[in-house]
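Dropping a structure here in structure tokens format, bear with me for questions.
Every chain is named by a letter (A, B, C, D, E and F) in the order it is written, and numbering of its residues begins at 1.
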Amino acid sequence: MKENTLLTKLRNGETAINGWLSSASSFTAEAMGLVGFDCVTVDLQHGLIGIDTALPLFQALSIGNTIPIARPMWNDPAQIMRLLDSGAYGIISPLISTVDDAATLVSACLYPPRGTRSYGPARAIMYAGAENYYPEVDNQILKFAMIETLAGLDNLDKILQVEGLDGVYIGPNDLSLAMGYMPKTEPTDKEVLDMVQHICDRAHAHGKFAGMHGTSGVSAAGSAKKGFNFVTAGNDIGLLSAACKSAVAAVRQS
Amino acid sequence: MKENTLLTKLRNGETAINGWLSSASSFTAEAMGLVGFDCVTVDLQHGLIGIDTALPLFQALSIGNTIPIARPMWNDPAQIMRLLDSGAYGIISPLISTVDDAATLVSACLYPPRGTRSYGPARAIMYAGAENYYPEVDNQILKFAMIETLAGLDNLDKILQVEGLDGVYIGPNDLSLAMGYMPKTEPTDKEVLDMVQHICDRAHAHGKFAGMHGTSGVSAAGSAKKGFNFVTAGNDIGLLSAACKSAVAAVRQS
Amino acid sequence: MKENTLLTKLRNGETAINGWLSSASSFTAEAMGLVGFDCVTVDLQHGLIGIDTALPLFQALSIGNTIPIARPMWNDPAQIMRLLDSGAYGIISPLISTVDDAATLVSACLYPPRGTRSYGPARAIMYAGAENYYPEVDNQILKFAMIETLAGLDNLDKILQVEGLDGVYIGPNDLSLAMGYMPKTEPTDKEVLDMVQHICDRAHAHGKFAGMHGTSGVSAAGSAKKGFNFVTAGNDIGLLSAACKSAVAAVRQS
Amino acid sequence: MKENTLLTKLRNGETAINGWLSSASSFTAEAMGLVGFDCVTVDLQHGLIGIDTALPLFQALSIGNTIPIARPMWNDPAQIMRLLDSGAYGIISPLISTVDDAATLVSACLYPPRGTRSYGPARAIMYAGAENYYPEVDNQILKFAMIETLAGLDNLDKILQVEGLDGVYIGPNDLSLAMGYMPKTEPTDKEVLDMVQHICDRAHAHGKFAGMHGTSGVSAAGSAKKGFNFVTAGNDIGLLSAACKSAVAAVRQS
Amino acid sequence: MKENTLLTKLRNGETAINGWLSSASSFTAEAMGLVGFDCVTVDLQHGLIGIDTALPLFQALSIGNTIPIARPMWNDPAQIMRLLDSGAYGIISPLISTVDDAATLVSACLYPPRGTRSYGPARAIMYAGAENYYPEVDNQILKFAMIETLAGLDNLDKILQVEGLDGVYIGPNDLSLAMGYMPKTEPTDKEVLDMVQHICDRAHAHGKFAGMHGTSGVSAAGSAKKGFNFVTAGNDIGLLSAACKSAVAAVRQS
Amino acid sequence: MKENTLLTKLRNGETAINGWLSSASSFTAEAMGLVGFDCVTVDLQHGLIGIDTALPLFQALSIGNTIPIARPMWNDPAQIMRLLDSGAYGIISPLISTVDDAATLVSACLYPPRGTRSYGPARAIMYAGAENYYPEVDNQILKFAMIETLAGLDNLDKILQVEGLDGVYIGPNDLSLAMGYMPKTEPTDKEVLDMVQHICDRAHAHGKFAGMHGTSGVSAAGSAKKGFNFVTAGNDIGLLSAACKSAVAAVRQS
């Protein structure tokens, strides 16, 4: 089957750059697949994308060399399995608070006997190739648990020991709220920043990857410097809105 | 009926800043309607938007204060009328080469006895308000003829004298090609640049508005300085792709 | 092939009641197909429906016993043929002003040698049945020319003599505008009302059917009394908006 | 952030009139947003609307002054959060049978520390305005628990004491079935009618709002007279079908 | 209400032939509804169809005489109820492992007092007819539990005794995986084949129907010979891909 | 830019096998792109696909190695240009009857100074690559004129001499009708068969390619034997319906 170059890169110790897709336009998705991101995340939780509109996005992302991954609306095995059937090569699952949550995620991504994924990779074998899809795919799906709740922080070390989990991904807005601060996609509160670094370090201590959300290249570069292996450099609507506002300002000021 | 603030601004001598929408995402459209553009153009010619996907875009653009306008796929009265029925408050019609072309455009935008628009403003009266829609709307629709062919250049002065036409809009790619140069959205060839200025000046000489396409705020600011009244500061896919590439580069370089 | 019960009814001298669909919801279409209309018109001119969204509407209308017909965006053979391929059993073509216009409409609805329709009834034979589709279908498609322009009024008798045309359909808004009055879906100006009756009478004098647009059952009943064979009793958005306003008023007043 | 005028009205002791949307047409939604309803409910449970088709409906409802609210397919935090992210300003959650059910609903609508809503109001801040969205939004979302099961009746008083719940909403079909009667959207059985009044009274006794489903303005006016603060005056497909049947009957009878 | 001819056939001891729909095209759905299948299953689990795209498929399947049924994404009451409201006349629920799972399925398909289905058959009464919908529908919905996990095998006899369950349906891929073999839609391993026959026989021993998945007419005929009452003869994408490959090969070889 | 391997194959004297897509499912399109066709034609004339639904089809076809081409709804420059902007690498234009028709087709596919294509290859440069898109693309677009009318037959030799036209494609249904026979996708009338051969031979005499429509691999192999360079081996709905009917028959007969 087709190699998950994102996982290969991470396993080789390289830093992966992620783009974030929150609008359900296959034209936008194709464009984001061609700008150089190592992977693009189709966001079904806070992005305005559902199971039905996600399909053409995965197809559009398959045209270039980027790796399509997804964030489900919930840590829901049914939706995770369906996203994998649609061609996602990785899952970033939100609000993982317990070992059970993490184990549910991992199990949904692996076929028996390792897990409980139901077999029916309708489009996945079009993307990946049918040859040796099973059992190779079990080693080719990235599985990231989002750490963003108080319980998730409490259980961090245990979650990081769940077999099959590839790493953790920080959602800074929810993390800030959980810690009693205003929600900030780019945290500035020292306690939150310290916790971000702590999570990164604990992931590494357990031999797992650490991923960090972000709104820009500058932010992602900063996360990479902190040691994060997987850094998000912004989402489509955020980057576009910022670019438009700059463009309008450039004209108004002249 | 609701005022066309774009036309008011132009008629008051102010410069209008236009955003360009080429993807069929109502989420993207709503975002572009909120960043400060005086108007946003839904592009059915080279954008990947058709009559069916245009409706939610006009609705999304109606939420904020920007003015929704449209470029039809062709200088086609049927499509122009339908775009107006959908709530467009202006039409930028492509490839206007003759007085007849321009007269067709104007006629399609005006109800009898001034023109030939067929009456049935299904959604337009939801956007504009039903009160006095007719006959006020005849004075509220912006009509721009695109000048981008050799014949259009030859007939420029005659086109500018077509009654009811509000102005001309330059498509720099086609204009460059027509003049024997490589297509460039941001022209650099002196002969093309001179022609751009010439078109702007002739429009003003005839008491009409001049509009210029562009890919960025810097470009639009430059056009404003040249005297253009209506300047486009980039399109969604172009601005997003550029922002993504910058973000990726920022991480790679660090 | 499946009988066009609408045409049968008209040919038997009965009055047909038409519903008008202007929103692209297949759920709404199915509902309108089940309320007792002899036919439902999918409106691509002023309705917010295009070629792509029309397909599920024709399918939804095929579930009940109503006959699906269509108004194209323009008197355009390409779109008329495509609507017939999609399963429309009748065409009400807008803005017919000349004999040529009417002949174009008729020709687009008939296969060679009678007309110029291109053969490829992809979905039509699913709806109608493949057996004897050709040549029977040539006798099963309703063809109505809309009379609503000054030229159309001038050429009325000639248009009514076009072979193969089944009748005329009045668009009261455009007719009013053409005659110098305010656009009114329910005309009240005597000159317009007289013209409406005149068109009906001329159609009958030529042995053709006469159809009249309308916004309610009361209006349609009135048209039936005037002799119209085909009467429209309102469109989805209009009827729904009126019903909602009544409902709100009923609560506010109590 | 933008005020929830529906909540303000309810808190001021006024009766709110609700419209019910069950078809996934943004044109229909925009029309329903302009007829005078205080709010319109996008129904994902029995309406034929899902997460993907709901987005343009919320956008269309945002154009006018009505307040968009939603009924999720289930009392599911993932879907409730996503509806709030899409711009819903209220949730009517079905089949609330226990205190836990009600607490789940409330928690899903509030950010930490009050609840468990995950932060990412992608479109919500476009609709509501980003300024002070957090924490003000916690006080701006209407939360109604549907009472329609035997368990819900048993636990009514306890449910009404759940902190943060704004009120209850009666689903008369399920309530009738639960009580051993035929399902009726407009109940006529005395025992059911008594229970409807009882629920309304208990809500008021606990200082909560009472909402009642209904199929027409007459029905909603009746509910208002019984003391309900929030009355539904019909849904799109029901009102349209009734209007169409009346229109057809008017012609047939004449 | 409209008879469920599929159930009638099964109850009469006849073998039913099922088609499987995994793409969200209403044109494909209509075509599959007209080729002679007794029923067609809209697959939301491994097919690329969701709640939003399923609606036009049910409508397209309603045009012919086939019976529309559905496989939900999960044994989820919310989705099962919604599929029934959309017009499904049967449910094949995946991954049924316990008596509780099976009871949940049955309960979601029956109205109180027999089950917990919430009342709101928005489109179902358009398809089925409103007359006597309740309570007749409780006897008209096919309910199949998929047996495809180790736990499901262990609990087979208990599951088959769940009141209201009509039968079991075998998913051969997951069954193979569960039993330690490679996933095969057409099993060849003796142990799996024996288990397939065993499940069929146990279903019959309990007076329940047995259904078997398959990829072709030959496979389905084989299952019918083994005694299965309900046999699937392939899915749209599989049959089409095979037909295309054959067609290409026919040309290449010549 | 990316090579048009279809054109290369034809120019090398090899026979190209074409698949035909008439349903608007991107999942079906992706499947058809992976079965071995040299190219797949997205049919906007008789297929139930429009400008809006065509986009995800082109994207899905871009994933594999097949070449995406299109048949527009009409020989309409606006639609042809838009299809090229969407990523089509070839155009099969219907109902070409005159030299002017053919010249219009060719002109719409070429940029100035060779033709009149308007510049704005929004998605085309994503598919083809931006590098040297202009002017290389002028040599990379396949242009086929459909010969299927009496006038087209009369003007065959003149049409074949139009500079830039790559060849002709026969529509056997319309051709049969034009010649006075029943429409047959697989002609059996000797006069029609002779004409098919004649058109093929005349194309070759003028150094142009000859293409033939067909419904199966056997049919396409037959056309290849007659000398056709480009042979269609069936369309999605036709091949699927035939496969389903065979599958049903296989079960019924057993």
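Going forward, a residue touches a chain if its C-beta (ideal position, glycine included) is under 8 Å from a C-beta of that chain, and two chains touch if they have at least 3 such contacts.
All values reported here derive from a predicted model rather than from experimental measurement.
> Hop across touching chains from subunit B and tell me the fewest hops that reach subunit D.
So the least number of steps between the two chains is 1.
> What are the chains that subunit D and subunit F both touch?
A, B, C, E
> If you tally contacting C-beta pairs, which pair wins, A-B or D-E?
A-B is joined by more C-beta pairs in contact.
> If you average the CA coordinates per chain, which chain's centre is most distant from that of subunit E?
Here the answer is chain B, farthest from subunit E.
> Quick one: which of C-E, C-D or C-F reuses the B-D interface, over half of the residue-numbered contact pairs in common?
C-E
> Starting from the Cα centroid of subunit D, hunt down the chain whose centroid lies farthest away.
Looking at centroid distances, F is the chain farthest away.
> Averaging over Cα atoms per chain, report the distance between subunit B and subunit C in Å.
Comparing mean C-alpha positions, subunit C is 34 Å from subunit B.
> On a C-alpha centroid basis, what's the spacing between subunit A and subunit F, in Å?
41
> Mind pulling the subunit E residues that touch 2 or more other chains?
22, 24, 27, 31, 34, 48, 50-52, 55, 122-123, 237
> Please classify the inter-chain touch graph. Allowed labels: line, ring, star, complete, other.
other
> What chain-chain pairs meet the touch criterion?
A-B, A-D, A-E, A-F, B-C, B-D, B-F, C-D, C-E, C-F, D-E, E-F
> Help me check something: in the complex, which residues belonging to subunit D touch subunit A?
Within the complex, subunit D contacts subunit A at residues 50-52, 55, 77-79, 81-82, 85-86, 111-113, 118-123, 134.
> Could you list, by residue number, the parts of subunit A that touch subunit F in their complex?
Checking each residue of subunit A against subunit F gives 26-27, 30-31, 34, 55-56, 59-60, 62-63, 122-123, 126-127.
> Which positions of subunit D touch subunit E when the two form their complex?
22, 24, 45-53, 73-74, 76, 94-95, 148, 171, 173-174, 177-178, 180, 182-183, 237
> Can you check the complex and tell me which residues of subunit F touch subunit E?
Subunit F residues touching subunit E: 15, 17, 19, 22-25, 27-28, 31-32, 34-37, 48, 216-218, 220-221, 224-225, 231, 233-234, 236-237, 239-254.
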